[in-house]
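Multiple structures follow.
First chain A sits with chain B, and in the next complex the same chain sits with chain C.
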Partner chain A sequence: MLNHAIKYEWLNLLRDRWVMILLILFLGITVFAVRNGKEKVEDRMATITKEKEKMVKLDRKMAADIDSLNKNLKPAPEAWKDPRALDNIGWNAPRVVAMDAQPLAVISTGQSDLFTHYAKPKIYGEAYTLGFSELSNPVQLLFGSFDLAFVCIYLLPLLVLGFSYNVLSSEKESGVLRLTLAQPISLYQWLFGKLLLRFFILTSIVVASILFSLTIFDIDWLGNRGAATKLILLVTVYIFFWFLISFLINLLGNSSGSNAVTLIAVWVVFVLLIPSIISQTANSFYPVPSRTIMIHEYREAKALAEKKADEILKTYYREHPEYAPKDTTQQNQYSWWLGNFAASDVINQSVQPVLDDYNEALNKQQSWVNRLRFLSPAILLQDGLNDLAGTSPAHYTDFRDQVIAFADTWRHYFIPRMFNNEKMQAEDFGSLPTHSYSSAQVPSHYPADLMGLLFFLTLTVAGSVWVYRRNSFENVLSV
Partner chain B sequence: MLEAKQLSKTYQGKEALKPTSFTVNKGDIFCLLGANGAGKTTTINLFLNFIQPSGGQALIGGKDVVKEPIETKKLLTYIPENLMLYPNLTGLENLEYFSGLASKKYPKEEFLKFLTEAGLQAEAHDKRISTYSKGMRQKVGIALALAKDAQVLLLDEPTSGLDPKASNEFSELLTKLSKKGVATLMATHDLFRAKETGTHIGMMREGSLVEQLTTDQINHTDLEKLYLKHMN
Partner chain C sequence: MILKIALKELKEIVREGRFRITAITLFALLLAALFVSKSYYTSVNAQHSEAKKNARSEWVEQGQKNPHSAAHYGTYAFKPKYPLSLIDNGVDKYTGVSIYLEAHKRNEAQYAAAQDQTALSRFGDLTPDFVLIFIVPLFIILIGFNAFTRERESGTLRLLKSQGVSTWKLTMGKWLGLFLPVLLIAIPVYVLAALFLANIKDYGQFSLWALTLLFGVYLIYYAVFINITLFVSSLFKKSNVAFVTLLGIWMVSCLAMPKISTAIADKLYPYPTQVEFEEQIAVDKKKGLDGHNPWNTEAKKLEEETLKKYGVDSVQQLPFNWDGFLMQEGEKHTADIYFKHYQLLKDTYVNQTNVYRSTAALSPFLPTRFLSMAICRTDYTSHWDFANAAENYRIELVGKMNGDMAANSKYGDWDYLADDKLWSSVPDFQYEPASYTTVIRQNTSNLITLLAWLLLSFAALYGAVTKMKTI
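Right, the complex of A and B next:
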């Protein structure tokens, strides 16, 4: 029976011009969204590549210069330009610490338009601790990004609702339902079959559109089948959730107009209202201290420490006897830096509370949002997609930690050598610390997001059963 | 084949159908006459299990329509005043679809035969329903009765709004079906058709069946007089 009903429902849909137009439109929108995502990722990767190339070129030049200087083929430059001086390498030839795009980065812009994707930590300075926000296009911030995540979260439910809001009511209004119900069938099975078919059609088209768009923009989803499957699974569950909402509303037996209004209201609540309430309350409950004040305090502490550099250095030597000069007759060429290194510990200690406040507020905001995301399937999907795209807040926090850790590695490569008054050699370029990005240690939200969406599914099923039990046949038919 | 046993329906305290009993046997065409709101459609809706009876039973083939809705619906075909079908499907496809819902499957030629037998001209078979007139749609309903091999026909003012020729054709089809043994319950305002086509007549007023007679007991004029007597 179900097969039969599905066959003719399919025929009916095929001949409905609007349905076809809607679906073609969706394909177009998906292609456009993936193109936008691709453009952003390409920009991001191009910048990183450019920086890395610059770095390699500079390394090569410096190694060659050191070689020439050692062979006395060139006159020695001023000390501040000498490539043999470690401070010049540590300061002028920093490594590029880059956050490479994940294979499916195109699907969701996430936080990628708020943060930088590379940093060049030097042997000294605050840049890597503070400078993580990039200015972004205010117009884009206003409207959000037109990426695949936007299409799935905002537009897809509207498509589902447009496709299903009147599945029962239109038959009732046109009068066909009376003939249908005079046949030996169960209304609910029949209605569910109709919606199931529409769900399959729409999901197939959505999945095909997504995979088609990814393919034409050269995204290797076949090579990343795991992530692609997760993406499809998440979107499918989200579509199914909206179909079930529509099933539930249809079961109430109201008119098409009233179904449409009710469903749009549900959409507004889940997709617009709850997310904006969560974001508003996050800001009100856990306001983040001003970043300007934080930077100001940092600089004040730094200025103070720099004034007392000599004194601090003496204390530092007491605490790190291994760095104390062995040969006191010879002046260390890096003496200016050594004072600063010593001072940086003091600065860090005094700024730590300010930094902690700032980070704690951010963390609290984030964990508030993380907990409340279970209130809306739209947030869950956004979170899951960001997770797959590697553009979630957790990814950026992790990248920031990686940069800070690498900055430390970089400094600690140079500090002992500088205290020892060593020089840079051409072959040392090969042994400079390097960073390679990995997102493996970012805790994945995906399983929880999927479970959350499944929980919403269960709720809707329970709601449908409740309405079904409560509702009488007469209500649905309104004879 | 069709039996109402003290069947009644009350809507929010208002009795739409007072306890009513009647029987429609195989081959009978039982015409329900009465003003709007007399309870004709309520009676038919009760047999269709579209509404729940407040009292009594509606039986089709001896089975209670409330307890065995699927079984009883296998036996019946329903043609409302304005039979609506899927406008994007052809007459043939609609017939195939609704027959299939009743688990009736035939080769295409059989379905075409049913449509022809129901009086639908061959060139209309493959045209979409959106191009059909009301009379043509009613014929698809009759074809459905043939395809379902229905033993019971429930008709709710099926000829209202049809032109006299179409109305006449429809009546002929009913007679044909009745000869095959189909039991028909038809609500109608058309006294002439009721007398011509029907075998039995029931008159309803304010939810009660006030008169039951067979059509051979009465002529046209007397039928009209009797009807007006009950209505006033």
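Right, the complex of A and C next:
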């Protein structure tokens, strides 16, 4: 009997023009969203490729120059232009340290519009001064991008609610409910079946639209089946959560209008209010210390260290006897740089506490927010999508750490050679340190996000059972 | 008659549980937002004045130095926070708070708060503007979607007609019935905000007039939403359909349109990346005159000209330090290069702004958002204005340093040292924001669009209700 009812429900839906409109509308929105994401990722990768090509070209030119200088085919340039001088290589031919886009980067802009995706650390300069901010119109950042994450987090629940808010109430209002229930059928099974059917239809539309959009924009989701499955799973659970909320509200037995209003209120609370409240409490309870104060402390520590620069170099040699000039009769051509390195090492050491304090406060705020994300399915979905796209704050912090680590590698390639008063040779270009990006060490939030969403599912199911037990059958039936 | 209908509507709305719950929630949210914003504002302001003081003392107490080294050491300009930012924080979260001012280089403002926050902050913060611009329209829809459909569904619309009530009077009554509850929430918030702002110690920049203007803009915006709500309610037979339609309108104008406009603006007038921008500047710098590089052809030319002008044959014989003079000439040249490139950037930004201004015809949210930020001085234009003022100060500061070096030292004498006297002779950075007349002038188009929305939505409502069927 139940099968029968569901079958007719299916036929009913098939003939409903709303399903068709929904399909076209959602497909259009998804294609637009993925196109926006694709454009951003393409720009990002094109810039990185261009930078790398420029680097290779410069390397080749410098190697050729060194070659002709060594063969005396060219007059020697001024010292500050000489490609044989290691400081010129370390300063003028930096490597490109890039953060390549993850295969599914198109799905969520995340923090990618705030930061640059590559840096060119040089032999001299403090890690703190490396700029990562991207040039952009802040209005665009304020409004955010129309990406797949936006479609899923904000719009999808509204589609679900529009598709299901009156499953029970409309039957009641048109009087069909009494007829249906005259059949040997359980109200709850029937209602659940109806919603399940709608869930399957909507989920199929959503999944098909997403996969279709990814395919037409050449995103290799088949090659990244693991990530694609995770994406589909996360979105499906989110859709299911909203269907269950709708089921719960329908069970209360109110009118269609009242259901619609209640469901919208739930949406506003989960998608708009809770995230903004948590974000605000994070700023109030764990305020990030002022960057402006940090600048001051940093400059004070630096000025103090600079005053003692001469002493510093002596101490530095005491601590690094391996670097002390062996042949004191010969002038080291890099002596100015070496003094600078020593001073900057000391400066970095003395300002480290300032930076550490700052980072600790930042971490506290972020871990507070990370814990509170379990209060809203919308935050969990956002977090999970950013995780899959590789655009979460954790990814950018990790990239910054990679750049800072590489800056150190780069410097330490040159320092011993400079102390030895060596020169750059054409064949040395092949042995310069290189960086390859990997996000493997970023701890994944995905499993926790998925668990969190499943927890919300369980909660809603428990809520439905409670309502079912409390509510009398007559109450549901009464119009 | 209109008033009677309005009072009846009001009574009906107030009696409904739905209204009471949402109104109380809304009011609580606004209060919370106001309090949190106030404490945020106070702490940021305290930080700002401390940082300002620090930067000044660092500069004045930097000890004996060559003036050009002092220009390299530089100082910071900090962006002030204005009292009304506690109503609307605008783009402040996404723009840097401090600009490093040094010789040879114009720096971008650094340390945007958003960069230090988690991705959560991209959902938006619970600030008064979030409630006032996003949530209040939703509240209007919630209490008004069934204004006409309810009468139609229960058959009372026909009764009313038979009583000889003109539809227009009925509409005006219902209009007031929606506007009064909104006013009931907006007025206490306005009064509270005014009290808060008046009690902030350094409220030098605050004017009650601006706050009133801000609330005026919000009220026009609410009127537009009331018109739309009643218009839709008069079109449909069923409350459900009216509700879903209105929700769709809200979603498109408040959520989707800003993002769609951004996608269009970005596609048509893309910003250069930070590195591209810097490289374009570097290319110009290379071609031009570089203060640190006297071998450069243009510097050579300048040298010849100067020598001829003073009738001497070497730079040592000049009555001033050639190094200082040359560096200042180089500084002027770089400043021109920066000016050129920032002007190009500004053109892109103006073009993007124009995209938003044209899409504002599709969403009353957009002109309101821009007006609100502009009045609160938290829009992008205010940021540009500050950055330009900081750049002018930088040019002045570096010029003074190079000038002192040229006048008081000899060529090649890099051991010349200046002291606090010179440092403190440079006035502290003071920034006066643009006047409100300028702000209004910059936003005339937004104001016109918003007023057009008001008039057209009124006209649409009038047209719809006069043709309205009772069944």
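By our rule, the second predicted complex is superposed on the first by the 452 of 479 C-alpha atoms of A that agree within 3 Å, B and C clash if a C-alpha of one lies under 4 Å from a C-alpha of the other, contacts with A are read in each partner's own complex, and residues count from 1 in each chain.
To be clear about the criterion, a residue touches a chain if its C-beta (ideal position, glycine included) is under 8 Å from a C-beta of that chain, and two chains touch if they have at least 3 such contacts.
Nothing here was measured: the structure is a model prediction, and the numbers come from that model.
Judged by the touch definition given at the top, the superposed model places A:L155 against chain C, while chain B stays out of reach. Touch criterion met: A:F146 reaches chain C, while chain B stays clear of it.
Look at A:R299: by the touch rule set out above, it reaches chain C but stays clear of chain B.
When the two complexes are overlaid on their common chain A, residue A:N386 makes contact with chain C while staying clear of chain B.
After overlaying the two complexes on the shared chain, residue contacts for A:D16 are found with chain B alone; chain C is out of touch. Within the superposed three-chain model, A:N36 lies in touch with chain C and out of touch with chain B [touch as defined at top]. Considering which of chain B and chain C touches more of chain A, the answer is C.
Those residues of chain A lying in contact with chain C across their complex are 32, 36, 39, 43, 47, 51, 78, 110-111, 114-116, 118, 131-146, 150, 154-155, 158, 162, 166, 256-258, 260-261, 264-265, 268, 272-273, 275-280, 282-284, 287-288, 290-293, 295-296, 299-300, 303, 362, 365-366, 369-370, 373, 378-379, 382-383, 386, 392-393.
On chain B, the positions that touch chain A within their shared complex are 45, 48-52, 69-71, 73-74, 76-78, 80, 82-89, 93, 96-98, 100-103, 128, 141, 154.
The touching residues of chain A, when paired with chain B in their complex, are 1, 4-5, 8, 11-12, 15-16, 174-176, 178-186, 190, 472-474, 477, 479.
By the touch criterion given at the top, residues 18, 22, 29, 33, 36, 39-40, 43-44, 47-48, 50-51, 54-55, 58, 62, 76, 78, 90-91, 93-98, 108, 110-127, 130, 134-135, 138, 142, 146, 239-240, 243-244, 247, 251, 255-256, 258-263, 265-267, 270-277, 295, 345, 349, 352-353, 356, 379-380, 383 of chain C touch chain A in their complex.
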